[in-house]
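Two complexes follow with subunit A in common, the first pairing it with subunit B and the second with subunit C.
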Partner chain A sequence: MKVTAQPTADTLTLLLDGELDASSAIVLDTELAKPDILDYRKVLIDCSKLSYISSAGLGVFISHLQRFQDANVKLVFFNMQEKVFNVFEILGLDALMTIVPSATEAEAA
Partner chain B sequence: MKSALRIACSRRHLQQVRDFVRNHLSNRQLPEVTVNQVVLAVDEVVANFIIHANGEDETQFLDLELDTDGHDINVEIADHSDTVYLPGQHQNPDLSEYIRQGRKGGMGMTLVNRLMDRVEFFTRGNHTVCHLSKHIL
Partner chain C sequence: MVANIVSTGVAAVPVSSWLLLAAMTGIMGILWQLFTRPPAQPAAVTESPKAAAPRHLEIQSLQRLVQIVQHGQTSCEVYSTLLESAVQTVQADAAWLVLLPDHAKVDAADAIQYYNILPAQAEELSRHLLAHTLPAGEHITNDLNLRPGFEGSNQRFRSLLQLPLRGLHFEYGILYLLKAEPHTFDGEDLSILQTFTSQAVLSIENLELVRTSLANQRTQEELKIASQVQDSLIPKNLPTDNWFEISSHSLAAKEVGGDFYDFLHLPGRRLAVIIGDVSGKGVTAAFHMAQMKGIFHSLMQENPLAKTERDKFPVPSRFMAQANTALTHCLERSSFITSSLYIIDYEQGGFVFARAGHCHTLYYHALREEVFYFESTGLGLGIIRNESYEKHIKNQFYDYSPGDVMVIYTDGIVEARGGNGTDEYGEDRLKLRLEESYFQEAEDIKSFILADLNGFTHGFPIHDDQTLLVIKFKSAQPPL
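Up next is the complex of A and B:
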């Protein structure tokens, strides 16, 4: 799992590349735990190259979501592959998180 | 068709486990979502055995066996440690509460139970075995 950060003025885009499991979740957790991430208005998660997510990966997002909400930082997922979206859907997380089809919609969210 | 794999109890081997399941199902021309559901269920159970039953002790090992029989896939995951590991079935976690608490874990077995048609943990001698099965077209 590789995480590439692309900061702009008030938005941080994180491009996830690879498989997010119990072994690699620490990489994403480290990125989301950085204190300065709360300086952005939005954190966009580009899932176009995310080919797999397990409960450990979902847990990383869940564990930071309240902290983001408390700091008024919006977390938005986009470009999610169908098989990855299916995992969010099975748990009902698609109703609790903002998941949009494209980068344009993510920027507008 | 049967396939077998033995791995040491390290989470570094989870990628190998997922590739093993994908490879086993590769000639069935199944939808990508269905393959991913089986891969995910096996990955979750194996991760639980590695982390919770074996404390990531790499001297311990797990045996996996996949058997595709007609329209069903049957999975056996056998833990060779002497720790009995029988997880509870968390069918309906309150995810809003998980978010509020910032919880990282507690969803894996819920996923497994929702993904597979049959989920059983039992003991064989001093060891724990998990059987999973799913109807696949």
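Up next is the complex of A and C:
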């Protein structure tokens, strides 16, 4: 999986490309664990090219969730494929995380 | 005990064959040297008994080296035999062996071995040799008193033979041999000693290989035990009663897994059924699986202070909230557990369940002749680690009728891959199979689904643990 970071003034967009499993989870974790990520107001996760997410992948987001909330950084997912959304939904994460259909809504969120 | 016996028994074959190979290589080299070697003193016209003596000693040394190959248990033993054999073969007056502990696989305390020389003397000589840059590698000094840096020092030993112990990747150490008389070492000595040192290095490397292989075998054995222990945590005797049938299947992707399920009879013809899936696979997941089983059995204890019969055991949502609290301190931050708990009540003809992020329950409703998934919300365990978790978990009540079928499973079933390798088995296909088999016995429904699943995943390794439970409700037969 490839993680591409697109920073703007107050927003960081991370484009996830490929399958997020135990091996690629480390790449994403490194990206989310950077201390200066908390300087952004919002972190948008572009899931348009995310074809699969395993429990290890979900674990990365879960482990950073509290840290983002404490720092008042909004974490927003968008462009999520149905199959990936189902995984979030079954686990109950849709009630806990902001998941919106498109980039426009993500920016507005 | 059993594990030890097994591992030693299995290891015996490769160990002896390596050693045999090593011994053969060494023996061939030494034999070649012995039989092509001219008499030790070329000046002598006839071979005197004196000249024959070293050859006798060489054969003894050879025997000793072969012995160490066959019986040498520690690297230290190999080195001391090397030193001893080298001294005897070239009839050295003194010797010492300096080893690099990391590569030579010896303790720092055993890093230098001496023969007939005091450590201080050896150290002083070493220092001197280093200071006066003796070329690295094998080397013979005919007269130390003539060497730069040693001039006029009146050394007790005049001849020096220096030989590194070289392995495939590292140098293990350096062997120094000394004789009192000058000009007493020759190329032949060097050559035969090289065979000895290579033999010793080979033995050391073999010992290391054996050690690694034994360690691997031990790990395998331990995993096998872990697998057996885990297997014992999975209920073997499914609960039986005349009002339901249960059939179960579980398969771990590795030796141990993170799926679990369990049952508990509660008073008043009630049955608690739990299923769960720890995120991740392997040993870590297995530990949490065992923990979850413990939590299930400790929380499902009768509360003697309960005011009503119904409050004696926690309702599923309360159970999940308590389990979430229990897991807070022992689950690493990126791990979570999904679980569903069902309490089936035959007296009431219904069940209550809570879904903590676990796969949706598949259900066949006999009166409506309809198969569907329960759509309910609920958050996985360990995701929110505070009191607010309870807001994210709900109980769902349902009345069942005889003939209804409940299919409970883990994501290893619906996410099993087949087809082109990215296709998943999926909820839809699982639902179709129940539509085709609901009228059968629980055991046959399970087999039917598994056969279809195996057909779908044929040729693909299972990448996640799989658990499948089929519960069929029946009209209770009056007890005989």
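Please note the rule applied: the second predicted complex is superposed on the first by the 109 of 109 C-alpha atoms of A that agree within 3 Å, B and C clash if a C-alpha of one lies under 4 Å from a C-alpha of the other, contacts with A are read in each partner's own complex, and residues count from 1 in each chain.
The rule is short, and it goes like this: contacts are C-beta pairs under 8 Å (C-beta built on N, C-alpha and C of every residue); 3 or more make two chains touch, one makes a residue touch a chain.
Quick caveat, the model's predicted, so the values are computed rather than measured.
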item	value
When both partners are placed on the shared chain, which of subunit B and subunit C touches more of subunit A	B
First (subunit B), second (subunit C), both or neither touched by A:Ser23	first
Partner chain in contact with A:Glu82 - subunit B first, subunit C second, else both or neither	first
Contacts of A:Lys42 with subunit B and subunit C, given as first, second, both or neither	neither
Subunit A positions touched by subunit B in one structure and by subunit C in the second	22, 52, 55-56, 58-60, 62-63, 65-66, 83, 90-93, 96
Interfacial residue positions of subunit C with respect to subunit A in the complex	279-280, 333-336, 338, 356-360, 377-380, 383-385, 392, 422, 424
Interface residues, subunit A side, partner subunit C - complex	22, 29, 51-52, 55-56, 58-60, 62-63, 65-66, 83, 90-93, 95-96
Interfacial residue positions of subunit A with respect to subunit B in the complex	19, 21-23, 52, 54-56, 58-60, 62-67, 82-84, 86-87, 90-93, 96
Interface residues, subunit B side, partner subunit A - complex	11-12, 14-15, 18, 32-33, 35-37, 39-40, 43-44, 47, 50-51, 95-96, 98-105, 107-108, 110-111, 114-115
